[in-house]
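Should a chain be cited, it is by its letter among A, B and C, assigned in written order, with residues numbered from 1 in that chain.
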Amino acid sequence: MARIDLHNIVKTYGSHHAVENLDMTIEDGELLVLLGPSGCGKSTTMNMIAGLTEPTSGKILFDGADVTSHSPHQRNIAMVFQSSLLYPHLSARDNIYMSLKRSGLSKQEINARIAHAAETVDVTRLLDKMPSQLSGGERQRVATAKAIVREPAGFLLDEPLSALDASLRLSLRAELVNLQKRIRTTMIFVTHDQVEAMTMGDRIGVMRKGRLEQIGTPTDIYNRPATLFVAGFVGVPPMNFLKGALEKADGRLWLTNPSLKMEIKGEFANAAPQKEVILGIRPHLMRLTEAGASALPLTVYAIEQLGNEAIVICDGPDGGKIRVVAPAGFTAPVGARLDATFDSAAARLYDPASERVLAVTGKA
Amino acid sequence: MADTARSAPSPPPRTAEISTLSFALIISVPVLIFLLVVVAYPLAYAFYLSFHEIRFFGGYSATWNGLANYSKVFSDQSFWSSLGRTLRFTVETVILTLAVGLGLALILKHLPAKWRWLRALIILPWAVSPYGAGIFFTYLGRGQTGIGTAVAGWFGSDHTVNLISARFVVEYLAVGAAWNMAPLVAFFLLANMLTTPARLYDLAKIDQMSRLETFWHVTLPPLRFTLFVFSCITTVLAMKTFDYIFTATQGGPGGASAVLTYTLYKISFVNLDLGYGAAMSFFLLAVILGATGLLYLLWGRKEERQ
Amino acid sequence: MTGRNTKTLWLALAVAVALLWTFLPMYWVVKYAFMTKTEIARFPPMLYPPDPMLASFFNIFGFDYTTAEGTVFKASGQARQIILGLRNSLIVALVVTAITTLVVVPLSYVFARLQFPFKGKLLAAILLSVSLPPVSTLIPFYTLYVQLGLTGTLFGLIVVTLTITIPIVAWMLIGFFRNLPPVELLARVDGFSRLYTLTRIIVPMARSGIMVAAVIAFLFSWNEYVYAQILVTGSNAVTLPAAMSGFLFQVPEPAQLAASLLLSLLPPFCIAFFLQKHIAEMHIA
């Protein structure tokens, strides 16, 4: 159990920058999820925390002590690899035992720990099976037992659930979170699945192209995405985007585009006018209405019935798809004209050049 | 919690992690040096010999004669005819080996479970050494002892039917070489076939493909890479082969099966013209590398891209 | 007749053809081992031994054989060579297999699993040596061995045979090792050194592949004839194939040739028979 600090970490492979100037702190006992598309540097970051990959420059501290040049074993980290990698020629028990083989513990202590770890994740009856005899979920549990048996300073998981089917993933997700809270280990979880990230993380670090785009609690990431990328990547259905210009008139701020003129209220009311902005609004915050001045004209493309609600996918005025959440059972023929409105105070404004949220000088 | 009461693992000893490079070097350098000595040295020595005239009569002597050995190869009628026989033998062997291998694989694939043990019999020719295959095929083909005469005998004829005739000896030898090598090809193809999803065959049925179309569009495509690899392997083996031809025909009848390796053997070990033999052996090496390179360019590159 | 029956019939026919193709060439010669000289010389050739007997097997090991009718088949004059050849072939094949395996396992592991400079070029060099025709390296080996006094020695033969087995087995094992799961990562997290990882984790994991590789080394060595023919024929280091060729060329003895050939085929056949399941596991690179 440790607090982990990354200071200005850089990793380059030749001319390719895998990770750039990364600063991050993982608190003691926290579950941090590293989220991002493949190739964003999240696995590289995890491998550097583990000690499997040496950073090109920068420092890694465990509880304030520099461990940058330490081996994974010296850092006392445990790791679950993709598809819950196990030694295929060893039984579950021996796989777990390998974690302690180099620990210098007595035979008795080792056996006690293996029994305890196996019990913690409920694999006691599987201990004498070979990995090939285990199901995907069982392998995952054995890999977890192998990891926690060391009582590690940090517990790292590299997409351990990605190869499993959906329902199993759902239950193992909760199991892992529950386990992490029980043993209170610092845990870092790498995934490209934003639902997994939202449901598991105390905090989420969203990465893209080797950079940390935003780090924060799931609520924070969902409600206040700092960049266009985070806004589009996190949340189901994804956030809607509208292009437009910000103009000042009558002392008020207006978003205008050929099909819409809308006053900007709330957080962004004091933003500086600029020619091009992108407005982001969650589908849940939009309502289908009668046509009106500040309504957005839409054409129905498809409707997805989810049981508790319906998602209406529409062609928007500027060509992009706009999703609106409607009450369950809502129907409309494909190609029908609809209008939608939303409260501009709930929307986020982004600068298309920097792809970051607009700076605001003060509250309205 | 309870865990905190347990003793923390003692700090592990600092192991000096050796770098990947040094680990790789420590492991591979001794072997590479061995290979260098026992492969590169002879090669270098052959290179040296190829620029000299070597005499054994009246004591060993090596006289520098520049490129004379090489230019002699070009004007040597027996070199060109041997090369022609090597190419003919190789092309026929490769085609026959792949075709027979594919045929055997298809049969093995369709065997019902209780006949699976037949697989273990079909592989056996692969375990026969080339010299053994040579012995088998020399007796099988010769007019005196061969199968041809025996079959003619059944029909009441007392003709000798000689399969090892000057005209078709190369073809006959290619059949024997294919007999020797095809089982391995069949086993790899079979392993490949078993991984082809059965759904694809269902799809072919839905599309109402004929048997030939199914074979062509479903069975064959996943095998193409394996076929390419084995066409390379078989090419190299067919061009290198010496013991098989040596025991089967001794280059006969009348030199009709004197492929390049056999001609080389005669020059070096019967005529003891080591310098000339060495020079010619580099032509053989070039032909082998050229042929596999050509195969790669014409076929392998295409398979890799897919 | 139903479609299913027709299918079975065709399959049975195909199997019969495959078995004929597989066994006819072997049978044609192996039957000589159970026949007398006169039977072999009959015209047209006989399809099977009319009166099978084991005389040739006694003869090649230096024993006279007397039939029930009192006909005596004299021991072969080559018997000493055959016995020596059998012994030497076994020694050479076992030593070559052991050395090849010991050397090639770490080498292929390094080439298959680690990234380091010049890897591609070194690999190309190894593969190049696979395509060297023995006839070309034979000349230098022969002259070198004459100078070093290594002709007619087992040591000399072992060294040359290694040049055949090492590259080919390395080539096969590299493909096999490439397809193992990345357990080195686990091993590093568990705190094992590279050497421990290789010897105590990778090697046990790759048992089946290594076994096939070893067997292939044995086969190549056991079946090697070109080098043996030139380097050890007629000496005390003669191998079985070289000894056998005495029955083929000098004074043809088809019966004794067939008997010794059958003898030489038994180990490879056992190997092929029991390992055929694993052969295709060797992924080709």
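Odds and ends about this structure:
The working rule: a contact is a pair of C-beta atoms (placed from the backbone, for glycine too) under 8 Å apart; a residue touches a chain by one contact, two chains touch by 3 or more.
Since the model is a prediction, treat every value here as computed from it, not as a measurement.
Each chain gets a centre from its C-alpha atoms; the one nearest the centre of all protein C-alpha atoms is B. Of all chain pairs, the one joined by the greatest number of contacting C-beta pairs is B-C.
In this assembly, the C-alpha centroid of chain A lies 57 Å from the C-alpha centroid of chain C. Centres computed as Cα averages put chain A at a distance of 54 Å from chain B. The geometric centre of chain B is 15 Å away from that of chain C, both derived from CA atoms. The set of chain A residues touching two or more other chains comprises 71, 73-74, 102-103.
Contacts with at least two other chains are made by residues 12, 15, 17 of chain B.
Contact of a single residue of chain C with at least two other chains is seen at positions 191.
Partner chain B is touched in their complex by these residues of chain C: 11, 14-15, 18-19, 21-26, 28-29, 32, 40, 43-47, 103-104, 106-107, 109-111, 114-117, 119, 122, 125-126, 128-144, 159-160, 162-163, 166-167, 191, 193-194, 219, 222-226, 229-230, 241, 245, 248, 254, 257, 261, 264-265, 268-269, 271-274, 276, 279-281, 284.
On the side of chain A, the complex with chain C involves touching residues 50-52, 71-74, 77-79, 81, 85-89, 98-99, 101-103. Taken in their complex, chain B has these residues touching chain C: 12, 15, 17-18, 20-21, 23-25, 27-28, 30-32, 34-35, 38-39, 41-43, 45-46, 49, 100, 103-104, 107, 110-111, 115, 118-133, 135-137, 139-140, 144-147, 149-150, 152-153, 158, 160, 176, 179, 183-184, 187-188, 190-191, 226, 229, 236, 239-240, 242-243, 246-247, 261, 264-265, 268-269, 274, 277-278, 281-282, 284-285, 288-289, 292.
The touching residues of chain C, counted against chain A in their complex, run 181-183, 185-186, 188-192, 201, 204-205, 207.
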